[in-house]
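Consider the two complexes below, in which subunit A is the common component and subunit B and subunit C are the respective partners.
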Partner chain A sequence: MKKIPLKPVLAIMTLSAVLGQVNPASAHDQSGSLGKINTAIDQYQVHCFDDGTGPNGYLIVAVKDLAPKAAPKLSVQVIRDNTATNTTDAVDSDASYSPEVSVSGSGDQYYLMTVDKTATGAENYSVEYHCMTNDNQHTGTDIFQLTNQ
Partner chain B sequence: MNAAKLQVIGLLLWMPGVLMAESNIRFMSAQAGAELHLDIVQSPLAQALDEIADKTGVLIHYSALPESVVNLTCTGTTVTGILKCLLGNKAGLVFRYAHEFSEEDQQSRLAEAWIVGTHGDLGQDAPAANRSSLSGTGSNAATRDSDDTGKLLEMATAENPQYRADAVAGLASRQDEAPLVHDALASALSDSNAEVRAQAVAGLAKYQGYDASAVLQSAMQDGDVSVRLMAVDSVGDNPALLQQALGDSDETVRAYAATKLEALSAQ
Partner chain C sequence: MNKIPLKTTLVTALSLAALINAGIAAAGSLNGSLGTGAGATDFYRVTCSANTNGATDNLKVTLIDLAPVAAPMISVQLIKGTLGKNTTDAVDGDTAYSPAAVIKGGNGLYDVRVNKTAAGAELYTLKYSCLNSAGKNTGTAIAKVQNQ
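Let's look at the complex of A and B:
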């Protein structure tokens, strides 16, 4: 990973109640692993679209740091246009995901999702992602991996 | 939020960032070696060039350009490739690379570009092979620019291991350039650098029409945990290979193999 100057991150918003309204049968999760170098990242393109349920209103995302317990902390960032939002799983190898974050979209929308870690050491993760309509219905969701490290 | 994470965000927001200065022009890229995407909808060519220059830091010089609006999507792994896609064969291009970098660095150190001798409508009839959709999956989203493939093949033998890893990752998406690409990926399996080997494993695992079982089985014996982890990551629905990984010396590899086996059995 190249070293570049930092820029301020603009967080959009965070929701915490939406998951309860999501139909479990429509849930999407992506498991993966990050190699031992500290700069290893995995990147995905998430495509939210109207599958008949309605147009995309927002994407909600959370990450879970899977076993075994290791030093690095896992995070996922979602970027759309000129804003990025981040969530981190503070506890490794427990049953819980990180707090959910939500990124607004409109209609047919592409989001860039990046999973990274804070230190050297191989890590396993699971990312949960849901494309939602503005009335909180799960809608069309595709994912494509761009970078695998 | 720690520095490493902010750097990732900064990287993605800055030059290789998803930024939409104008609502009808989108230029998106990931890190070196992965895809650059340019989407233009009903916008003047000059505006698109300014957007590319602004986001990449490459100085782009032009004088008279056609005033007609452009509708185009381009993908590539270099700014050079994006410019060639954008302008097609209707303009001459002159490139200057940063003089302090060596030949093998040139494709990632473009410093300045001049657009000369433009004629006709630009951007309307860019080669169809360069057109791509952000909804493409797998190799369908990669540019067919053979110059870029050539540069990636060169970069795959660079001295810098990061360049080699980036190049191998980039080659993995060029499925239609076989057998040169396949040979390069196969050669990278024995690279001295673990990150290069890992990218080669991932690339061959998703190579269309190629049975990578033997590659994955061999990679699971690699001395580096990153390579073994990538092998597990690249296993599809082959429980036998995942079972093999359950006996790995590293707990992370074993845990990931177990997770994938559990997911397979739940299907």
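Let's look at the complex of A and C:
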């Protein structure tokens, strides 16, 4: 049997792992998972900025509770300074996102997003997030994960 | 049938609402309400500081979803920098609090946010305690920064 050298295999595996962790800024769809413990929370920082389309006006966010179907309900909170809002996906594993929430902000604004669940049990999710100008055009959007539980 | 004057009813209702929103309760505990909107969130900042029991090791938070019994479940998130925990009261209207959420963030400012899973008004009691590493109370102060 022909042997494949170990070094190229490891290099491909590492590259695949790195690519798997990178979330292209254009996707604006962050997949994640919450561990089994009931207190698990994921936290992200979203940066909204002018990418040439125009300054940020507001951030819109929604969450989708992905398969496997489990008891906990998934929620996402959006926070800017002293302002916070929440939205919950009522049905696990269907094609619908939670109701969309929006939080206004300055032209160059950092927001926090937290994702959590109501009970014990591992969950997978997808969060959709878009920075928008005041005339409803999509503008510069970056994300960075702060907490992964 | 005796009629209750509308003004008296409104004053009583407003007084009750004011008491609920003022968070009048024993130290380390407050009552709050969330409005009907699905996104309604109450936002608090808790400051933990050193006292005669020494420096703070952690902030412990728990809440109870009060009657009337309604569909939404109430959760509280506890955040300090990259530290975060969530806890949810699974049963509305009973006497049991949610499991505790604990963050070992030491002295300083913690964000505490209360929200619910669906539309519908809700009432809750939030308990919060800054504790040293032996579980004794340290300095605890709370401020409400958003009331929805």
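Throughout what follows, the second predicted complex is superposed on the first by the 122 of 149 C-alpha atoms of A that agree within 3 Å, B and C clash if a C-alpha of one lies under 4 Å from a C-alpha of the other, contacts with A are read in each partner's own complex, and residues count from 1 in each chain.
We take it that a contact is a pair of C-beta atoms (placed from the backbone, for glycine too) under 8 Å apart; a residue touches a chain by one contact, two chains touch by 3 or more.
What you see is a predicted model, and the numbers here were worked out from it, not measured in a lab.
Engineer: Quick one: classify A:82 as touching subunit B (first), subunit C (second), both or neither.
Structural biologist: A:82 sits against subunit B and subunit C alike.
Engineer: For A:31, is the partner it touches subunit B (first), subunit C (second), both, or none of the two (neither)?
Structural biologist: The first partner, subunit B, only.
Engineer: Return first, second, both or neither, reflecting whether A:43 touches subunit B, subunit C, both chains, or no partner chain.
Structural biologist: Touch status of A:43: both partners.
Engineer: With both structures fitted on chain A, tell me whether subunit B or subunit C touches more of subunit A's residues.
Structural biologist: Partner with more touched residues of subunit A: B.
Engineer: Per the contact definition in the header, classify A:106: touching subunit B only (first), subunit C only (second), both, or neither.
Structural biologist: Neither subunit B nor subunit C is touched by A:106.
Engineer: One more residue to check, A:147. First (subunit B), second (subunit C), both or neither?
Structural biologist: Both: A:147 reaches subunit B and subunit C.
Engineer: Just checking: does A:96 make contact with subunit B only, subunit C only, both, or neither of them? Give me first, second, both or neither.
Structural biologist: neither
Engineer: Pick one for A:118: touches subunit B only (first), subunit C only (second), both, or neither.
Structural biologist: So A:118 meets both subunit B and subunit C here.
Engineer: Using the superposition described at the top, list the residues of subunit A that contact subunit B and also contact subunit C.
Structural biologist: 38-41, 43, 73, 75, 77, 79, 82, 84, 86, 88, 112, 114, 116-119, 146-147, 149
Engineer: Can you list the residues on subunit A that touch subunit C in the complex?
Structural biologist: Residues 38-41, 43, 73, 75, 77, 79, 82-88, 90, 99, 101, 112, 114, 116-119, 146-147, 149.
Engineer: Which stretch or stretches of subunit C touch subunit A in the complex?
Structural biologist: The contact residues of subunit C facing subunit A are 38-41, 43, 73, 75, 77, 79, 81-88, 90, 99, 101, 111, 113, 115-118, 145-146.
Engineer: Could you list, by residue number, the parts of subunit A that touch subunit B in their complex?
Structural biologist: 1-7, 9, 31-33, 35-41, 43, 45, 47, 66-68, 70, 73, 75, 77, 79-82, 84, 86, 88, 110, 112, 114, 116-119, 122-124, 126, 142, 144, 146-149
Engineer: What does subunit B use to touch subunit A in their complex?
Structural biologist: 1-15, 17-21, 28, 30-32, 34-35, 134-138, 141, 169, 194-195, 198-199, 202, 224-226, 229-230, 232-233, 250-253, 255-256, 259-260, 263
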